[in-house]
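Two complexes, one shared chain (chain A), two partners (chain B, chain C).
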Partner chain A sequence: METNGNEGGHRFSQKSIAQLDEIITHYPERRAAMLPALWIAQREYDGYLPPEALQEVADRLERPLSEVQAVASFYTMYNFRKRGRHHLEVCTCLSCAVRGAYEVMHKLEKELGISAGEVTVDGEFSIAEVECLDFCGAATVVQVGDQYFGNVTAENVDMLLDQLRNSDSHTPVELADALVKIMTPGGSEAAPA
Partner chain B sequence: MADNDLVNVKIDGIAVQVPKGTPAIEAAKKAGVDIPFFCYHPKLSMEAGANCRMCLVEVATPRKGPDGTISMAKMPKPQTACSLPVSEGMEIETQTEQVIADRKAILEFLLINHPLDCPICDRGGECPLQNNTIFYGPQNSRFIEEKRHFPKAYPLSKHVVFDRERCIHCARCTRFTDDISGDHQLAFLKRGADMYIDTFNQSKMVSKFSGNVIEICPVGALLSRDYRFKARPWDILSQKSICTQCSNGCNIKLDYRVGRLQRVNARLNEAVNEEWTCDKGKFGMDYVSTDQRLVTPLIRRDGALQPATWSEAMDLVVQRLKEAGKSVGAIGGARCTNEDNYILQKFFRNVLKSNNLDHRLGTYLPPAQSGLHARLGYHTMGNAIADFERMKTIFVIGSDLVNEQPILFLRVRKAWRFKGGRIIAANPAATQISEFADPEVTYRAGAEVALLNGIIKILAERNPSAADLPGYGDFIKSLAGWSIEKAAEESGVSAERIRRIADAIFSGETAFIAGKAVTEHPDASAVIEAICNLAVLSGNAANVNIPVTQCNAQGAMDMGLLPDSAPGYTPVEEPGLNTRQMLEAAADSNLKALWLVGADPVAHYTDADLAKRALGGDTFVIASELFLTPSAELADVVLPVASVAEKDGTYTNCERRVQRIFKAFELSPDVHPDWFVFADASGRLEQPLPYFSARDILREINVTVPLYADCSPQKLGNEGIRWQYPSAKSDLQLVPVEYRPLAKVTVAE
Partner chain C sequence: MPETRILLKHRDEPGIEDIETYERLGGYTALRKALGMERQEVINEVKSSGLRGRGGAGFPTWIKWDGIPKNTNQPHYVLCNADEGEPGTFKDRELMLKCAHQIVEGIIIAGYATLSKVSYIYIRGEFVESAKMVRKAIDQAYRKGYLGKKILGREDFDFDLYIHVGAGSYECGEESALMSSLMGERGQPRLKFPHAPLPVIAGAWNQPTLINNVETYSVVPHIIVNGGAWYASMGTQGSKGTKIFSLSGHIAKPGNYEIIFGMPLLDLVELAGGVTGGNLKAIIPGGSSVPLIPAEIAKDFTLDYEASQTVQYRMRTMRLPVVGSGGMMVFNDRTDIVTLMLRTAEFYAHESCGKCTPCREGTRWLYKILYRIVSGGGRPSDLDILMNICDGIDGRSYCALGDAAAWPIMGSLKHYRHEYEYWIEHKRSPLGDNFVPPVPNRLNLNFELLPAR
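Presenting the complex of A and B:
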């Protein structure tokens, strides 16, 4: 992994550093930029937050390590283990449950040979059960990276898997990137290093 | 109007006046009304507080209607009394049906996952959760489901073990590490029912103050690994004492059972340690109850130390002292009480007619008549520990404060965290103070004077009135060759940072704290002179602090355990030998007898070889000791003496606060306080010093040492008394200091 000449094993790219600098200006204190900084870290560290990622956020925001971990672990969308190249988040809230979310879930588990919360051996897929994704009109909803897939059923879920197998997009990194873009309306882009 | 800051509130109909903004829970305390709580703690910030919900009360505030009439408007929901600042006319009800029902509900909620394993819990018997449940809790539980389960004994650090099941998520410990100790070790991870406390990434909890979280935990979740399962709270007795691990003089309680120390807890003293202890104090005091303690006198027979009776040992000591005449000396005293030291010096000065007395083992010898005292009128600390809270700026120079003066460190951090003080630090290497020091600069070791000269140069330009100070002309002349750039180059600190330090000192009342890098500097007196110059120049002559490090080193100085001054710093006519001179004399067989009183020169004196030659030679060596130390092993007679837990007396801490210790238990009939040993010896020499208790001796000290006149046993009380110099020094002056780079300095004695 390229270090961009960063010290102490830091991994943020010049672009990330510029984006974080922009985000920090949105708030009265650096500490408040914690959540966006964690999203940038999740993008830079391959879609999850290993201890080194938390360390980098702590260093860049000048906050204690324990606080960064406390904040990150409060939320469910930060990953602390490496997810599959495609992380399937199946909504099992009311509307989706009524429309067969658990059948979808069990089908996925059977097809992929893993349980919710696990990653396939080849690192391609992981599954998680999540709360409402706010897209109830298209229940059952499955979120994969930055993309929603609606009206998923136990019958058509194979198609979704096939489609994803042949796709390089909709990864956890892309989800993080999409969120960071929303947080940086200034579109801060550093000059290519 | 003076009353502006006070508001009138009623708690359950009881009217009280409290400062505006006081939390309702404190106002209730004043009214004598009990409000139960878990998470509230007056020393912790409320930023992450009010999370146990135990202190709910009903509140009404006055409201002016459209017609001008005032009626009481009740807040629609109960409020947490800990986070509710009182306002004028507020009425708080703590006994309504609603409040009583709320308390029951909260306790039922907190007890859902609490394992209720009270019979095997160290907290059982002194547990706020037990106590609040008795008085405010529900009689039964409706919870029949499985409780949360976690590992029962999760070790957080060398000292602290965590029972995660018992935790009620009050956040006292996490706030402690953020607000007080500043090491930010503990935090809540996850949320809701999954929430738990842990260190970052399950690393070891690294803190100098970890023991405090055990004491502030309102349940038995955070426990001491030393004390775990050792005793029940109702089986232990407790005695008031003072920690002997450093010179800060923390107030502690020795909790003991059948003559053995079980644990140490902090004792409240707002002037000194507030209610904190450092880990050295909390977990390091167990030395008093180890099996290595000496319980019988030892006499060297046929080359080996062998047990003897008290009389055999003392008769031998007295016989050899008689033969030695005036050729005797004593080293020690820093761990002894004032009473011990007073009798020690009285025995040597009045009975043996010798001034060969010293207590200093380090390179730095705090001089009684020169140095800081000659410049500013005090020997060690100009400020009291509590004074640091009021400082605008605190300049820590050459001190790893958290290790050298842990409680002083907490007070300095408090000044920054809660009182808006600014901390600047200059050290040869980065220390834990970098968390909040702005800036903490790292200078080239030994270049203190260069750095100080740079700061002085800036301040001299800014403060034209300094020209009136005596010695100013010569002083400024001596700085002619100095510029900020030169100071930067010599010290390795950038000119910009030197300017920032100068700005901070110039901005308001500044206190200076110097530590070991200064006192152990080969040219320590020059560095201290330079600090004095900076203090005088910036108008802070009363704020220089060079604290002693050993437990009662301050008291030993006060009690005249110095070759050149008697108790109360009265100069003596014929100064005796200092530590080095005594050791040299002993090594050359020019000293007939040497008494080590709790001093271990072989282990602690800078020149261990000299110490070994001195003690291993012809000189008759007596060691009054707790343990068979490397020095005691070389002695001819070893006398077992009482530790802090086994005697009464007073210690004087680094800020000159005289505080009492009380005897907790007895180790063995042959173990006596040090003063008793000298009183006994004086009797056997037929020049008796007739004392029966430490109280008698303190009363004599009150009379003979004017500085201690107020420190009578009756007056010392729980807070102790900080003795004062009769008058502040008026003839302040500036003195030229020569900067000698380290390589050019030869170690002077």
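Presenting the complex of A and C:
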């Protein structure tokens, strides 16, 4: 990872700094770029927000660290621990629950040998139970990084795991990267990272 | 009654995500037409259409549009609420995925009518695929001159549209919490009218702010092209036009269905292929926040904003909505209502933002008591305690999340009291052991250990 000779152990790349500067211009106040800045940090810090990442966001937005922590801890998609290379978020809300979401969840826990909220020893997978992903028509829905997988059942979830084992896509970093591109004007024309 | 597709007319059109295809099918003619009208004429057209907000509350749209101060140099903002989070609802996801240009066009027209220069679309962070389509639509609209400086040659109309993505919070779909989140804060609501000014007077950054749902903006181009009177010719007295309902649960053909208001509830279930895996037991007609309707009385309901259920508690009579956000969940007779309500309560306990006491504490108490019943420790007095807590939350929280947590449980206690009593007496479901949804086996009862939110 390039460091750009940043002071204080900052890790944002030149590209990220440029993107943050651009996004800040969208708002009348610098602090409004808090959520975008946290997404950029989550991309730069390997898919989660260690204390250094929060400090870097605080420095770049010129806000106190306590405020950055307060905001980041409110939202469930900011990770404070490193997730697996593939982070499987199983929706178990109403429509998914009545269509077998808990069976999917239990099958995953058995298959991977971990409980919801944990990461496998090899760092390959982590699983979590999440609230409604709003794709109820395709219940059960599993979000993996930037992708929704619909109509998942306890029977076909093995196929999903196999597909992910052989894939470098849908990582937490890729999710953060996709969201930053979405917030950047012209992001749809940018070449894939 | 069949579907009437207006917003979803082009959902299956190949290449609709490209601006050229959208223009060929009549896209952006509404914007051209609107720019040829006086600003007040645009608002009057929305007024005569009878359009009401599609996010769930059904507030008349024109009042917001007309409420933005006119002839002022103060900056003001147009916001689009695309933080769809209501369990059972997935209409905005499809509208963004398939018809993003329609939303962008509606937002630009709103910007013109309210003399705004800047707008934001707040999309929930999970919706990556949909948000990519919105990004593409905005980039193309800039290229074609529908966004940016001097739109379509109008010297007096500059307008920018930015995307702000959320990071996982149901509460941010509430308008004042959404504005907090947009300003870079925790997504917590603020005091509301009449205790504080409406967003149209003091919203984001304390400036006049217009905020509408994705579906509401999507309707606007059609109203401008065809006229408000055309839109008002569909529907019922108080609910004009069409509404998208998202069907899920035990239903043969889940998906989004766009229908004219006033359709009988059971007709829509029929339209979606009927119930699967058994007979119909209950329907949650408008997202998890509205109380369920048992099959026995479902035939009495039509889908419009006038429809409601009443719940009586002590001296209060509460009128609870039916349509809501349009997330319709259908349940067959293998569904256990008490565990379903436990799962609903878990959702609201998890999503309560923690700002006000009735909701923060009440949602957790509801969850704990329901959990106790389902784990075999229920007491006969629990039902009164549940009702009492619901009464303590309803109407007493900062925002409607508290009401939404209480209503489904109040509704289920009215209609399914016997199932609760069976659970308490026999310590098991009236359906035996084989029912859905199963009791989650890893629910963490110790709330102190859950991350504080």
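The rule is short, and it goes like this: the second predicted complex is superposed on the first by the 184 of 193 C-alpha atoms of A that agree within 3 Å, B and C clash if a C-alpha of one lies under 4 Å from a C-alpha of the other, contacts with A are read in each partner's own complex, and residues count from 1 in each chain.
Note that a residue touches a chain if its C-beta (ideal position, glycine included) is under 8 Å from a C-beta of that chain, and two chains touch if they have at least 3 such contacts.
Computed from a predicted structure; not experimentally measured.
In the superposition on chain A, contact of A:143 is made with chain C only, not with chain B. By the touch criterion defined above, A:99 lies against chain C but remains apart from chain B after alignment on the C-alpha atoms of chain A.
Look at A:155: by the touch rule set out above, it reaches neither chain B nor chain C.
Once chain A of one complex is fitted onto chain A of the other, the partner contacts of A:132 are limited to chain C, with no touch recorded for chain B. Of the two partner chains placed by the overlay, only chain C lies in contact with A:187; chain B stays clear of it.
Of the two partner chains placed by superposition, chain B and chain C are both touched by A:70. Shared-chain residue A:54: touches chain B; no touch with chain C. More chain A residues lie in contact with C than with the other chain of the pair chain B and chain C. Common to the chain B and chain C contact sets on chain A are residues 70, 73-74.
Residue ranges of chain A in contact with chain B, taken from their complex: 51, 54, 64-67, 69-70, 73-74.
Those residues of chain B that touch chain A in the complex are listed here as 177-178, 184-191, 199-201. Those residues of chain C that touch chain A in the shared complex are 75, 84-90, 92-93, 120, 123-129, 131-132, 134-136, 138-140, 142, 160, 162-170, 181-188, 205, 246-250, 254-256, 284, 288, 327, 329, 331, 335, 340, 343-344, 347, 350-351, 353, 436-438, 440-442, 451-453. Chain A contributes residues 26-29, 31-36, 38-39, 61, 70-71, 73-78, 92-95, 97-99, 101-103, 106, 115-116, 130-139, 143, 146-148, 175, 178-179, 181-183, 185-189 to its touches with chain C in the complex.
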